[in-house]
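By letter and in written order, the chains are A, B, C and D; residue numbering begins at 1 in each of them.
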């Protein structure tokens, strides 16, 4: 079980919650379960969500493991120059 | 529109071409003669990327008509090195990494060559004002100025 | 893939040296081929007709006269680019932007295009196209566009992110919010509160090379695209989707790129060139004029930002709040959101709240520009931070050091930081001789901090070892500023050979697997990781081949300094085998030796910089001169330090231009007044001093060599550093960027007026 | 479109006078080619005047200097005698565009382009320069300030060409100067500008003065009142302040992408002051 923190505007997709407890071992499973439990997440995941694990931002590595006790923070997937 | 027949000298070689009356020297060099070293950054004389030397005078080739080249001596970036021997400015631009994307580089080299021909020992300020007609968006000019300074030193010693 | 990206402290032989770049000679001799330097047999010239109106319904386009003109081979409108985006909103916007479908949404919006035998004929043909417009009211200012009375740009857009679902459409596409704690309570604890409003005008990346491509579509469904781009794989995806081509049948070759800075990260006119070629049945070359680049490529947002920061007498910030409004052109973006995320990222804050509003305006589609959205937010925040330091009576550097984020700090955008470099850059600035240099009359010194995220992403490289022992490295990230040199150094380092024996090229989309584009400061970070991985894979094969040559077990072969070395006492009599010797035998030991790598380079690590600027202001004219400029930034590990310095200097110069003179100026008619380098004033050589750099190396734990992206952060601090310097020079706080002479003079006059009363 | 390079002024005038469609004179081309590129002009005939004898020369005569219409501005800066006599005119000519543009552009072109912001024109007006006009009806010599009549418009008739600019021989103790305000240090069009030309007596008192302000009205302003303030003075602080005030007051500027009305007004005065001081020093005043 990991605790996932949602960025400000994302909370709306989870019915106004800012933190969720999800049973997931990696990012892929996290996204799958989020989509299952909160269908509003699915289009947002398609548009791009990044996951910060203990401060390091992962945009694409869906196989990245979510270590127990780690701080998991969801962020929008950004554009750069 | 009737074509204008032009006979001129480019990088020491005799060249003849036919161009339209409103065609610029830059268009002639790039599209008719395959000399694509001069670049079009603006087409209005504001960026210097198309710099060439016409009869010892530094100009933007986008502000010269192809027809005007009749009987002139034109120097372009393609003629700057002597065979496999780079011009000291070319060598110093490489050593100082005075280019990032490199699109402005041919224009800068031609302008710097003209500058050093007229002022072999320029101050930093003279270099900066001398090259103010050439825009570079990558380097902040720092390494370009240093490369020109270094090349001037090498050329003085030569 | 069993690649371990973690940092391992090691000493370097090649990395950290400063050799000449592999593409250098081509670039100083004029041989390097950029977007417009390529031609194909039978090629036509493509040109685009653009809307002169900021906002207009396209009632009808009559192309019949143009089609009849001798020499015209194709005329297209939006009908020739049918919507194949299948609900993908972002791609639909890109499609509509490349050719307006029902409405022209800004001055310069493409409405039709022609392909003709030469430029003159094409220009003539454009004049023969008749477009019937119904001109609509327009809005170009970000604050005006937010008003309820503003002309509506897209009546299908309802503001996202509001608590209650809006019933009316709006130019505000999205509200976003970041932060933590309770700012109300935080301000209650403050002894000093500074509250300011700021505006920044729209700027352009100003790359010297206009967008250019040659497109060739064949009747059998195959196609080629030669183009200047920051990401040819991304361009392939876009074009294949918009044209209905199979991605693998569209080969995109990235030319040398004459600057991008974010502006060449998605397609603009390329789908039009392909559609023209498809219709004409011939290759089409399409090169934008400078006027078109300014009017119809992707500048950055114009912004309007309110900032409020409170602190205790001892200099501890108790709360920080910002409202950020960013224009995005006529299509929804996420620019305000990025501004809201980055605004306070440099600081350790208990209570912070940022709100972003993304605002549609009748201006070109906003694109990324080097650390997009961060410079404007930093301008507002760092200006306010200086004001607050002044009110408290504390040195601005010490104030920032006291409140700087550090490992374990919760970032204002959410997560907790790992090891970061803001503190070290501030300490370096505090101790820098620049900070102690004397200043004259009307001169002032300012400093400011900046933050940027940095990206990684999908990356693929091929490393092939020739039979002569030389190495060719094919990468898929476009080289915008010397990365081929850096990646060659990395390959040389890993293989243990000399840099001179490595040649790096940027491969086309048919020669290499997918790569994300060169954006987010990811080029060298990501491709160096993939290069290390590819080299390690090659080394594995080299060891196997050496084992064969020696007829021993591969487990007994190690790789040291470019040589296979037999380990263990029983092999004591075996000499070393060099890479060259192994390569020479490769035909007999199993064929070509190569290493490949396909990976996602994540963990780029965030980046911080602190800049110092000295400026002189002429109080009679408002004219400014930058006297001295210093950049201090963390590079993790500088692979090719000269090119790292180049990134620092280039970003600073762009920031200086933005701060002082660059701006899009729109007339009341909604037309861009200054679409050229004469009146869109990027800095010239005589405007700038030397730009000093100090590279800090705080290793990135998520890269084998500790590398961090370096490309973007350097544009973030200059706006505020210069505003702070102006304030310290002549005592006026400039709240509107650019700080052009008329704005500074007006501020000085207002100040004099205030004092004379 | 035709491109013709006549060998004589008569031929050039004849071509222009006889042109059926729009015709353009090409010397340096730094304005013409930009306008052609932008589609603002589409001449049917381009008459390149650079092959006409004498048009590419600067000659020093008993009366002063004659600067041919095809002399690039860079060449003005290379003429030591001209630079010594008319440093303000030369520095104005050398401010136009970049080194590249100066290698092509001419002061006659700058004058005939009739931009209120033209750099060389306020200096020429302050210098009292004259233009030699050749046309179908013969030659005439006119004051340069009578050439531009408004933005992009001149008093020249069809078939007329300015073949040279005349500058007087300098009396002793004379000096001129020109400055413009631009946001950058180079590569800009003047936001506002000022040129001053002075003659000073042995006692350091200004005997004669001409003051011109550019980019502050539809054409360059010759500010008589400003000249009167300078005459009889030693350019003390109070005189300079009055000069600034008069020049600011004389401006009839517009708001545009390059500057505001207030800015132009204020800075016109500042520049006039600064330029007058330089001209005074060059005249040996101090």
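As a convention for this text, contacts are C-beta pairs under 8 Å (C-beta built on N, C-alpha and C of every residue); 3 or more make two chains touch, one makes a residue touch a chain.
Because the structure is a prediction, the values reported are computed rather than measured.
The largest tally of C-beta contacts between two chains is found for B-C. The mean-CA centres of subunit A and subunit D are about 67 angstrom from one another, to the nearest whole unit.
Centre-to-centre, using mean CA coordinates, subunit A is 54 Å away from subunit B.
The geometric centre of subunit B is 29 Å away from that of subunit D, both derived from CA atoms. In subunit D, the residues that touch at least two other chains are 38, 185-187.
Multi-chain contact residues of subunit B (touching two or more other chains): 1, 20, 22, 43-44, 46, 129, 132-134. Contact between chains, as defined at the top, is found for A-C, B-C, B-D, C-D.
Across the complex, subunit D meets subunit B through its residues 1-3, 5, 26, 28-30, 33-34, 36-38, 46, 48, 50, 72, 74, 97-101, 103-104, 185-187. Interface residues of subunit A, counted against subunit C in their complex, comprise 5, 7-9, 12, 47, 52, 54-61, 64, 71, 73, 75-76, 78-81.
Interface residues of subunit C facing subunit A in the complex, by the touch rule stated above, are 90, 160-161, 174-179, 205, 261-263, 265, 334, 337-338, 341, 368-372, 411, 413-418, 453-458, 519-522, 600, 602-606, 702, 711-712. Subunit B makes touch with subunit C in their complex at residues 1, 20, 22, 30, 35-44, 46-47, 49, 76-78, 80-81, 86, 90, 93-97, 99-106, 109, 124-125, 127-129, 131-146.
The touching residues of subunit D, counted against subunit C in their complex, run 38-39, 181, 183-189, 191, 256-260, 262-263, 266-267, 270.
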